[in-house]
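Okay, structure first, notes after.
By letter and in written order, the chains are A, B, C, D and E; residue numbering begins at 1 in each of them.
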Amino acid sequence: MAAQTKTPLLQVDSISKQFGGLMALSDVSFDVMPGRIMGLIGPNGAGKTTLFNCIAGVYTPTKGRLLFDAPDGQRLTNGFKPEKMTALGIARTFQNIRLFSELTVLDNVRIGRHCRTSAGVIGAIFRNKSQREEEQRIVDDAMRWLSFVGLESKAFYQSSALSYGDQRRLEIARALATGPRLILLDEPAAGMNPQETASLVKLIHAIMGQGITVVLIEHDMKLVMGICEHLVVLDHGMKIAEGGPREIRENPQVIEAYLGRGAAHA
Amino acid sequence: ASVKIAVAAPFTGAAAPYGDNVKAGVQIKVDEINAAGGINGNKLEVVWMDEQCDPKEAATVAPKIAQDKSILAVVGHVCSSAHLAALPNYVRAGVAAISPTATNVAISEKNQDRAGKVWSFRNVYRDDFQGVFMARYAKNMLGLNSVAVFYENNDYGIGLKDAFSAEAKKIGLNVVGEEAYVKGAQDFAPQLTKFRAANPEGIFISGYYGEGALIASQAKQLGMDVVKLGGEGLDNVDYIKLARDAAEKTYVAVPFIEDVASPEAKQFIEKFKATYKRDADYMSVNAYDATGIVAEAIAKGGADREKVREAMAGFNASNPYMGIGGKTVFDEKGDCEKPAFVKMVIDGKFAAAPKQMN
Amino acid sequence: MTISKTIKRALFLAVLTIPFLPFASDYVLHVLTLIMVYMVLAMGLNIVTGFIGMLDLGFVGFYGIGAYTCGLLTMTYGLSLWMLLPLAALNGMVWGVLRAAPTLRLSGDYFAIVTFGFSQLVVLFLTNEIWLTRGPLGLPGIEPAILDLSWLSKMLNPEWDWYWEFIGETPYFYMGLAMVVGIFLMIRRIEDSRVGRAWFAIREDPLAAASAGIDVQIYKVIAFGVSASIGALAGSFLARWTMFLSPDMFQFWESFLVLCMVVLGGLGNMTGSLIGSAVLIALGEILREVLPRLGMPAETRFIVYGMIMVLIMRFKPSGFMPRIADAALQNPIIIELRRTLKAKGIV
Amino acid sequence: MLKVDGIRTFYGNIEALKGVSIEVERGEIVTLIGANGAGKSTTLMSICGVTPPRTGSVVFEGTDVTRMPTDRIVALGITQVPEGRLIFPGLTVRENLLMGAYLRKDKAGIAQDLDHVDSLFPILKERRTQHGGTLSGGEQQMLAIGRALMARPKLLLLDEPSLGLAPIVVENIFEVIKKINAEGVTVMLVEQNAQMALSIAHRAYVLETGKVTLSGDAKQLMNDPKVKSAYLGLD
Amino acid sequence: MLEQQLINGLTLGVIYALIAVGYSMVYGVIELINFAHGEIYMFGAFFCATFITVLGVPFFPAIAMAMLCCGCLGVLLDIIAYRPLRKAPRLAALITAIGMSIFLQNLAMIIWGSRPRPFPQEALPTFFRETAFSFSGVHLSWLQVFIFALTIVLMISLNLVITKTKTGTAMRALAQNQKAAALMGINVNRVISFTFLIGSSLGAVAGILVSVFYNTMYPTMGYNAGVKAFSAAVLGGIGSVPGAMIGGIVLGVAEALGAGYISSLYRDGIAYAVLIAVILFKPTGFLGKSVRQKA
């Protein structure tokens, strides 16, 4: 496999996270290879979202190391704040949708461009040429991402007026607008019907096509097994399995803890 | 026909009781004048202007008063800071104001226009006068050797206490401590506890009766059975009502006392009692007189602001205004000197102190 | 779009001519100028409370700092107002940033109470540090604003003397107007920029904002700084306009009044702030005029005032101008985008 | 048991329901399927009186509940597991469950039902004293369902109960639904997972942009070509 | 002197606490800083005094009547002012509260006049003024003892109501999500009204006790009291009843010690400085909990 010659984009190295007396993650390690779609699955409360939060800088891991292959070389990113992680190139969406709900769809995505642009207060007041050009670029980029996720026509809607599925797309567009190298999607298909899920799959493939690595939490096994090349399974904060979809589907421990008998042959 | 004057005072907000006192005094005077046929046959009309003792509001009502050319003069403001904020408007527009209560010294320096004409008068003595007076009274008449000073942290309280403390130092009256409080405070125990440790013979209360009463009663609760001294700010029956038996042994400097009052004054006191069901205080008395001064000036000067001002400035030593609060004589700064008397609380009532200084 | 722009221009021109209209007495101009002072304050507060959504109950502290900076420097050093305006604004900004340091972590009403405490401390300082501020005695007799261009006129023509002392309300009316228009345009521009969008993002969801790459802390500090400097600017204008300052003018009640203006106008909407200030100040004055005519005593003014406030909120719970981030919609880039999208039949 | 007759519901000026009529018989499982934004959640909320319909009527067991306040409708025996879970983040898991039994007075019954919920969702028992807000997404969903069961409703409205749940739990949830239905609770189920929903339901309605476009026996609908392509992901 | 200052602070603190509880309760349920609470407190004192002087009711029944009247006033306030704004932005209700506070304060001024009045002392039990305890020169009157005891009893029972009863849990549930609460069958409006009823009648008790203690009452008395009580509530962690108690006492003691040992000029300043310091150190007050939404 080509991937083995590459350095991992993200190394999760024996990460633990404790909340009071609860070990939400204990000693989880795996690598995320660039250019691939990786799935993170596991029962409810296994610690998947917590792991995302650690990677994205929302939580500082209690123990362990996170190594990100930033443009300027390998970086130990433990304890970095979310905005720093975004700037380095990790974008994410939220399990419970978190949009800027009173703002328009376009503004949501424009805000995504924040970390790739630079105008400040003075520039804003005087609106010199370079600042105006930057604004133009922001709008163009935002519109590009909106049409990428298929929301171009709703650019001027207030984002809270979107339907659930569209809100999920908008979150993805906002994340993409930050110019990430790695995108973390937390249950993007939740609440979508099969038709909508199918178009989401297309979207995820398109994201890959842009050279962006995807890590995905999802309970929809059809989707996960369909698009992920590599899976990590968590249970009770521990990694219980890792491997390709086929392997995972047949892993008895995974079936026992997560898939159940019915879904194993979905 | 009618002539108009404005009364600018706090009718709402925390200082509303003072506005209420002033309003009562003015109203009685105006009713009297109109009952007697008005000023040269013109009815006297009052425009009430609420300014909450707030400098900003005062600076807003002042131009409103100034622009209404039918208003010939202003009685007000009550608070010095409000008066100072309003003053530039009166000076600029040329309308005379007379404050019954504003005692801050700064007013005397800011009330002249470029020609040196004074546009603001007051028929209340300045803080520096009664502070000195009470310090001397405490030392010479009451024979106190040590006092603590409790002052309201506003222009009135500070001005009065500064004068008191300075004079006390001069005449060898020991000031054992100075503590401050703010308007509307209800709890004075911490400061009083501190005083108690110094064991003073008296407390000089540089503030108004509402808080003064609480200070007196809380001092008593703390076991401090001391003499209370104060300026005219304490002069209100509510002081006794609120402080109850703790009000005993309180000495207050006032511009007038019933015992030496003229028949007119006695008549006013009766009328006030009948109308408002309470005893008159110095604010009402001064407001009554201030209205009288304005009315007489209008009678003399006619419906002309400039002439009214001149007539007011004309109340000098040779031509004093005789009010119920005694003689009012303006100096070249619009201030007046008045005799001061001392009242004390005996058996739940204000009465002239047996020992007077002048 | 273009129609509303025309209306706005016409409105602006109409305002310009007010001092020459027959009804424009000193009182009317004074009230209008007062409204403009509050407009500036409301816009300043709206940055923190409307744009980043933090309830600031101590805004008046900066107003006081600006006023006293200007008042004291005028009285002791006789500095010119034109120098003092930026100086006071700068001083306000310094305090805004200083105040940000401890409060950044706080949320909701805990932030509110700390800001409230801050403004109380400012008032206490102004009241008690008599050596510096004269305390409750206030600062009477601050010089009015002076525009001294004599150095320029002397160069042009020795006969000319371009020296004006601003007496009366008219010059202050125009100064106030310039200030309101200037700050309005400035904030609208910031609002419709990367910075403004970052602020709105923080208001809507701080965590999502951080995940979108916004350094929440820094943008909060910027907002505090800008907001505080605007408050201080209003204060320094006030000092030279009323020519009198006292600590009581900056009691926390003022913060609430300004907050009411902001909320009544619409949180996060600058036009709303203008409307809110105009409504609340005018209301007080109208009641002063109207109530006596209805035979009601002066004491009833605030009963009615309170009632009307309640009623406005009842029927306009999101304020007069509920829309946030509306400056963006008037940006030529966005207008252009809309047009092309429409032309392509996408929207 | 429940008769929804031509209700029209508005959000401001947006008409979310354009005359929806639905009937549910006692003891049935009725499912409501439809695309995002079709108005499924709004229908449930209108039945509960959270977003009262502007016109039309909702009759429950012969009582017209159209304009009744929510709490009285709930008192009649309708309980909802709302979309987005709406658990109480600051209450503990146990308190959340007890809130479900707010209107009940029988202490013994409540205790019994608590045990029942604990056995259905053992993780909730483990997290008993944790604040609802710190639960994982799936745990919150379980809590919301458990809370609704605590009310011992006559009619249970479920809005996407499988959302965000692990496959094994989803299976479990559908088992639970069947079980409580068998115990006599009538169920109205909104699901994106139409296949599962149709497989346990007796009857189904298809909602499209605020209107019912199809209805009938669940098994029959499962074979309807339109339903197949649009909602089951089968071509 | 220290003992005396501590007693001074404690007395003051208990009074703050008493007012703060009403604040905290209402806040805990609808997250509204009910500015009009200070006015309810003031009305309590005036109602009680009016019942005594005008109707000749004895002291304790007059307290009960005033509590009832203020409770109803609170409920009325909720129904006419706040209820229409349940779904409106949070600050709308705050502004309405400010408007109501202005309205009520000025209404009281019209009804009872603006001048400070004494509380009708004749009606009070005579032992109130007598010394209950004294040690090392510090005297405690029976009135003080009564206030302490009453406050503690009220706190404990209220806390039990909120944490242990179903209605109490409903109150907290409501605070977090009104829609969900309604879906549980909770009559949202009734529970909120109940909260206002309790909170306001406690406000009345506070107003009465304070005006008895200081023997003075005036229409603007709610203003300062409200500010201090609000601070106390925040200091203790808004929404927490025992928190309000602790917050009030800390604030009172800080004030007394500050005024006694540091500077009476900065008396309030010291209280605010303590408040700020505590909040910076513990951003949700002493007993406040921060419920962090999960990412």
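One rule holds in what follows: a contact is a pair of C-beta atoms (placed from the backbone, for glycine too) under 8 Å apart; a residue touches a chain by one contact, two chains touch by 3 or more.
As the structure is a prediction and not an experimental result, all values here were calculated from the model.
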_From chain A, the most remote chain by mean C-alpha position_ = B
_Chain whose mean Cα position lies farthest from chain C_ = D
_Averaged-CA centre spacing for the pair chain E and chain A, given as whole angstrom_ = 48
*Taking each chain's centre as the mean position of its Cα atoms, how many Å separate chain C from chain E?*
34
*How many Å are there between the centre of chain C and the centre of chain D, using C-alpha atoms for each centre?*
50
*Can you list the residues of chain D that touch 2 or more other chains?*
134-136
*Set of chain E residues in contact with two or more other chains*: 106, 109, 265, 268, 294-295
*Which residue numbers or ranges of chain B touch two or more of the other chains?*
12-13, 16, 153, 180
*Name, in rising order, each residue of chain C that touches chain E in their complex.*
49, 55, 102, 105-107, 109-110, 112-114, 116-118, 120-121, 124, 127-128, 207, 252, 256, 259-260, 263-264, 267, 299-303, 305-310, 313-314, 317-319
*Can you list the chain E residues touching chain D in their complex?*
166, 169-170, 172-173, 175-177, 179-188, 289, 291-294
*Write out the stretch or stretches of chain E touching chain C in their complex.*
27, 33, 81, 84-85, 87-89, 91-96, 98-107, 109-110, 227, 230-231, 234, 238, 263, 265-266, 268-269, 272-273, 275-276, 279-280, 283-285, 288, 290, 295
_chain B - residues contacting chain E, complex_ = 12-14, 16-17, 19-20, 153, 179-182, 184-187, 189-191, 193-194, 196-197, 210, 213-214, 217, 221-223, 238, 241-244
*If you look only at chain C, which of its residues touch chain A in the complex?*
186, 189-190, 192-198, 200-201, 204-205, 207-216, 222, 226, 324-325, 328, 331, 333-334, 337-338, 341, 346-347
